[in-house]
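As structure tokens, the structure follows; a few thoughts come after it.
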């Protein structure tokens, strides 16, 4: 049974790096990481600098920022406010690093299907966004200082519209001529604990096959002619991933306590993570049991995270909106 | 063609014609009408053939079909099915008369704001539409005969997206290249009894200022390069219109019964309809009382009509879908 | 044509008083009124002290407080916060005047149909209520000071449940044994400008036939054995009422400007308000045109008012919740 | 009867029986089973006849019917109609066997939280129910033959109302005096493949701790004085259960193919199912990873199953509604 060819697919640079680091046990050439943590919010910055780094992680070269907030599902509104503020600060700095000007016109695209709760993150963010482009178009003299032109659309998914969302976005970009595109998308995670607790910001756009749902054509600078920042949140996980992670936890658990995990877990103990996942998939898939699942409380979790991202974007995109009071601008 | 002198604004050709006919008491040159009625469904076809006819009615030259179903608010599901079937038949004939081919690619655009119930008709129709374009794009060999490529989008309104819906539609048309555009829109009526009981089909597109909400740029053949059929349903009415119509009803009522309406209604009795409406507006507007209103049961009415139109379109656009069983294809 | 027997039905004591005052041109014996106004919020307190007063107004003896906020439909969130705070202050004082203790157990009942937007006010308030009774039941020692036991239910309407909502509430009261019942209900107004801008608080309970929808049995102290405070908001208005009010405005308008309103309005000018309304209804009803209507933006208006009432109740019922910061406790 | 020693908790009698049968490898005394299958719908009837049988399965004595439809998540509307029809037939027979008369008054209670999609099954069923009790109360002479008095309520959950749902139901039962109570509830499953594919009918009522959410007091004949039929559908599953089942599938898989599962799975292979589940929970719970999860498409699945149950109930409860055409009576 040859499992070695199995490629670890993850939408998060963080997970790719962890997975590769674990195997190698050493730093990855061409990949630079930086971690900070503050009151329950862990911020990891990963720069993939070279083609070698990109090949090693299976991710595009670019800048990735990840906010991890394990307690985010705990309905703590203070924590939510702090995450929105932190997100706004990091996003603003990200824009500066990319050289995006304070008055650059922004189009925010909420990808995903509003009828499928775990896939509705993008549309929900757009719904809570402070949209201003029309004021600049219709009465430019009357717009207060500290705002920039922001527009927002939720293009739907292929099964609902019959048109690739990337084609719809391309058409809207050509007509409305933004300087920057921000695309929000729900992702599949490799770990149940990351679902609805992690936010990734990346400057690499949206690539075919990323995320859940039907978005096969990409949204990238090459295609659209403007920079594309992708914001992603894992909202679902494969059953096989839960199983695989759990076996891993059992491995650590029994490894620590008894030194006899070999007896308890058999060959499962000695397989590499990817091989084991492949094994689990091999068993579950033919039985139709490798479903994508989401936590029972998904309605509330998605709404909370959408509010955090919308609040954070409102504060990051408009100087007149204070990062200390971002929550007031969303519903 | 200067329509600016026209006083009474209505989105329905039928109302314009009735209003003008009443004043003139004679046929209107350049306007041809045809009426039929069948089991509670009245179908009126108005062709505006000449610039004179257009000027007289204050409407664009073109073909207009109106279905009036006074009992449509009565929650009678048999009647709803019959209206869907009649709509499908009339729409199919309309396509044939316009020379639209059986395989013409169609984009259905649901205009309006999904957060405002009386303005959500268009988005709701699109939600219930049978969308097929992606099958033709991805696996053209496997599509059963009797279907054509249909796609559907709800572009939102200016206040929500920051972009004119006409710009969004234009971008999508350029990318997805349909042969025909069908635009669904909620209208303001001149009569409370027409609200949610009347459907207008017209081949003239959507013009600036039509309908409710923010749709200032048009969707027309001139702009988009393809024919545009507009489907409109009155879902709201101005308070001033209700008042004006009621005075009219009082006029008929007392006219018939007593011959002394002059005493009862005073000068209101002798004013022409438009003058009287101006008078009412003159009084209500400064007080902020000329609101757009909708019947209390708007949620249910809008859903019912959206189902009728979606069912009718599904049957009219796809030969494989039987007009006798249209309801099965929507939610 | 005898119109004199026509009884003016209104759910608002304020409207009844205004109507009677206008006719009489003098104070009404047994009725005491008090008005104050502050930054766009007008508070009127009407005490109906005697059976004569009750008979004159056609309302039950009791205390009535009305908040009128003409600008409330203007989406001004500062104003909304001030109204919530004012509502909380008035409601708290109302409880004190009625001798309701700080720890009295409260059941809040949201009457109405959640599927019909203008009738969904009650259920929406309950949805945003801070409910605490279960903490007192399950872990009484751990409840922080400053809270009282509050529970909330939305019993639905007869057409949805098959059971009178009053029977459902009676059953719940007998089991859960609150000391006070607060019932929230949507009302029909006699004036379009009061729709979604006026809140009435009264200590008289809910009586058969009040409000819109099916609530024929009452919720009163006689039936339930505990005091019942009713909170009502007009959310709909009859078309006939709009017409009648408009004629009244025209009367004032032309009366002021020309002194010849008799010529303009004919007999309409000399009729008493009730007679005129009766006349209008006589014309509209047989034609099926006397619909209950609501402003086009009803979705947003209802949500805003429900938030105001829920915020206000949360602050008024729990000492630990600050009236200056009530908004934080609702969605 | 002490059930406390029972390790594997499941809400389905079927799962309990399978689990016990597997261990024992023989028939269970006091438990009678009967299975039939027809075009993708498997119907299992389990009668627990004696206290011994009850103790063995850890379930109350009574009649249990389970419909298993593995393909039910496949969006096949023909299959959905057939399941509704089969459900109606089985439910009608169940009523007859219990000696419930054709005119017995029925109260349907939709347990669960309408704000949490996987817990909203009960409220959704009630929303689609044909409610008739009020016609019998208000105009008994005019009700067509073939109908019986049916009412329906969704009492909410403790965290939303502050009152135990059982208390609310008890109060409503005392006031509205039904002869039979039918309670609909979402359950936790022991297998991901049963989520939204299985329906259980049982005559044992609702017992403390069953289902998901807060329903600690029961709904039983002892408490309410009338028979209580429970209809349950598994809509969520614990992550630990997915892991445990997957290990089981791996066990069968490698057992069949290689005979060397001992080497592959180590001690996991030799543990009994319950011991293994305990082991998995022991590892996952302290890490907060034993979440309740639901398939990504939960919105659609729940709506489909709610329609099936509502359609089936409408046909089973009213003779005038044909089991061959049940779908027409729901939305």
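Here the chain labels run A, B, C and D in written order, and each chain numbers its own residues starting at 1.
Keep in mind that, in the parts below, contacts are C-beta pairs under 8 Å (C-beta built on N, C-alpha and C of every residue); 3 or more make two chains touch, one makes a residue touch a chain.
For reference, the UniProt names are A, B, C, D = Germination protease.
Quick caveat, the model's predicted, so the values are computed rather than measured.
Colleague: Working from the CA atoms, figure out how many degrees subunit C turns to land on subunit D, in steps of 5.
Modeller: Between subunit C and subunit D, the superposition angle is 180 degrees.
Colleague: Measuring centre to centre, with centres taken as mean CA positions, what chain is farthest from subunit A?
Modeller: C
Colleague: Distance from the CA centroid of subunit A to that of subunit B, rounded to the nearest Å?
Modeller: That pair's centroid distance is 42 Å.
Colleague: What whole-number Å value describes the gap between the mean CA coordinates of subunit B and subunit D?
Modeller: Computed value for the inter-centroid distance: 47 Å.
Colleague: Go ahead and note the Å separation of the Cα centroids belonging to subunit B and subunit C.
Modeller: Here the centre of subunit C sits 36 Å away from the centre of subunit B.
Colleague: Hey, what residues on subunit A touch two or more of the other chains?
Modeller: Subunit A, residues with two or more chain partners: not present.
Colleague: In the complex, go through subunit C and note every residue touching subunit D.
Modeller: Result: residues 127, 131-134, 149-156, 158-164, 167-168, 170-176 of subunit C touch subunit D.
Colleague: Okay, in this complex, where on subunit A does subunit D touch?
Modeller: Of all residues in subunit A, those touching subunit D are 115-119, 192-193, 212, 236, 239-240, 242-243, 245-247, 249-250, 253, 261-269, 279-280, 282-284, 287-289, 291-300.
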